[in-house]
């Protein structure tokens, strides 16, 4: 696909994302019409009457949730692209490789220890704890899976190590649920299946910061990631400092995924499916992929959240169920295509 | 001019190359030969600065190359290795364009696009430009890689500095026709007065046929360095490789070796 | 995004006079609409005949069968603020066992009235107090008195029936905790949810086989020693946990420590409805007899 066609595709993706955003803010347990939405927004202006309950639901629950959903979807999509570029294998994503469960563990540990040591939950301490957990788990997998001379992790080793690390951290979370007094830490369903029900503007601020900054940094290194696709040695010959690149991208990757996970629990398969769709549509150039997967991830997760909120309303499905229901068949389909170098 | 002085490279306690000094002039094809484990590949990697030797220096045009940045070096030094494995759907044009990466930041300019087109034409891979690299045969892939490497070294302007091309066993996985075709292309490229070309090949006959200078290594040390006629003697080959050749001289193409 | 908002805002200014469509709750203050997130509260509300005010219940509320006609807002520890509020409740009635915490916070921030009753159904007297308190709240005082009297009468009758049994079987009660996804053993004595169970078993003529540790009332079956040391004559599993294993005795015997017990040997492993055993309610009077019957089955 040529560059101009790719740009057109990206513009189309932006349009789709906006459409889906509108649907997300309109529909749910309560449906809002466009007029009601405008009134709710208008109530923020000075001199207007206080917002009604429904308007407050929109402004304080629905709207931040929709935005958070976009941001988390974007960060998971970009996380998937970066991880695949880093491990030079298209069948990896943060959920499979332990980043999400490590981040969830960091968060759960924070709640437990926070209760014990009475650590004040400052706005940033939770995301930082999540990042610490995510870094440990990802690094563990990275380290254990590098079995080949050219430094490229064999995909079998990656998936197996990821499996093991996932199991390790999820059982650690189980243990924390066991000993925890804090009700948040006790809710293991929250961590393992993910939900956006806790969205508020504070969390939107933090996730927006990490997602946008992280994506910008990633874009700056996109060309170097492209070079990495043909091999570490080859990339070095093309002038890339491979070690430095790996550390930077790994850090960005972990941060954006971990922070999102701290607020929503583990949501799997988005990072796996999104880059694949994009590669099928527009090729493997990382500049295109990073922007595209941010948009596509945002769209897909918003659709998943819509399903989670509408299918059993007024109750809600945990969003991880929806993403797994779609993601697992796709994963199996991809495995069977046998186009991958194992 | 590429000059290596007193190069020693060790891994753990094992010395892969010991105290090697050699110089390589531009305008000719220098080939390294030797049995397995002789250190040929290691030496090429040290000369290309992928590896840092424990002792010794490598100089490009008299400048110690260990002080040069990766990005700078990449503009005038390229390495063609064995066929690379790509796990993602990249088109041929995208692969070749990577050769231009050291020369632009952000998006490729019109010069880069033009060079890529020229280089693909030169290696007869233009017809493949939108096909996926993964779908090509071994010979086709190496032509694409050669195109990429050449794009990295391609220079339109009057030559400002010497360029360095390293070949790390690029003929593996190629059939005989492609091997010869390849060597011919390399030869014609290296006639350019401003390119230093150093390569590793296994086949002594190919080396004899195409090299201007041969450097024979054994056990990490230089055994001989000179023209093919000087280096490839029966005794030396027997001693180093453990097989005795019969030498056949033809008028046009030089030495041929026949092994029983 | 900004452009979209500006566009919408202009439309609002233009159509401000015309549009008067509201999607909101009935403004009539007399219409009470409650979302009740507690199985026992719901049972009492239905017994009081006040169910018309209930617009939403939680997933764990299963009695009486008519509750099926009311919308459920999900599992009580995995609620969604929007879901609850979409029913436009005038108040949310709960027993302090709701989550996740951020959703509770959201509801509080929106100033939705939340109500918990002070009386607890941890004993017969507590239950009667609760029934009366709820009777007052729902303006069904006389019905509440009826229920309390029935409770007393039935309890007396059951205790008479219990006297006919001569043995006092040692009973272990195994419950499945859905939030924590594990099987729990109920310990003897008061504290936590175990209080009600203990009392029911003892009133029914049995003896709680497992001691209470840590005062929590229920503990995880993390080691086979818990059941093995207790060696109960009878094992009761509450409905969800029993059904989860498909009622298969083999799978139940596979739970830690069960296989070696007397109960397993004599096949005295029975299913019991959580609502019958776990907490006191309007039916607890007659439930004593039911429990007695089950645990004395041979």
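A few notes on this one:
Letters are used for the chains, namely A, B and C, taken in the order the chains are written, and counting of residues starts over at 1 for each.
The working rule: a contact is a pair of C-beta atoms (placed from the backbone, for glycine too) under 8 Å apart; a residue touches a chain by one contact, two chains touch by 3 or more.
Computed from a predicted model, the values in this text were never measured in an experiment.
Separation of chain A from chain B in touch steps, taking the shortest path, is 1. Most remote chain with respect to chain B, judged by CA-atom centres, is C.
Comparing per-chain C-alpha centres with the mean over every protein C-alpha atom, the closest match is chain A.
Look at where the CA atoms of chain A average out and do the same for chain B: the two points lie 44 Å apart. Computed from the mean C-alpha positions, the centre of chain A lies at a distance of 36 Å from the centre of chain C. Between the CA-based centres of chain B and chain C the separation comes to 77 Å, rounded to the whole angstrom. With touch defined as above, chain A holds no residue shared between interfaces to two or more other chains. On chain A, the positions that touch chain C within their shared complex are 18, 21-22, 28-39, 41-42, 52-54, 56-57, 60-62, 177-178, 183-184, 186-190, 195, 197-198, 200, 309, 312-316, 318. On the side of chain A, the complex with chain B involves touching residues 88-90, 223, 226-227, 229-231, 233-234, 236-241, 279, 283-285, 339-341. Contact residues of chain B toward chain A in the complex are 48, 50, 70-75, 77-79, 81, 84-91, 94-95, 98-99, 101-102, 105-106, 134, 152.
Across the complex, chain A is touched by residues 1, 4-5, 8-9, 11-12, 15, 19, 21, 23-25, 56, 59, 71-75, 77-87, 99-103, 106, 109-110, 112, 179-181, 220 of chain C.
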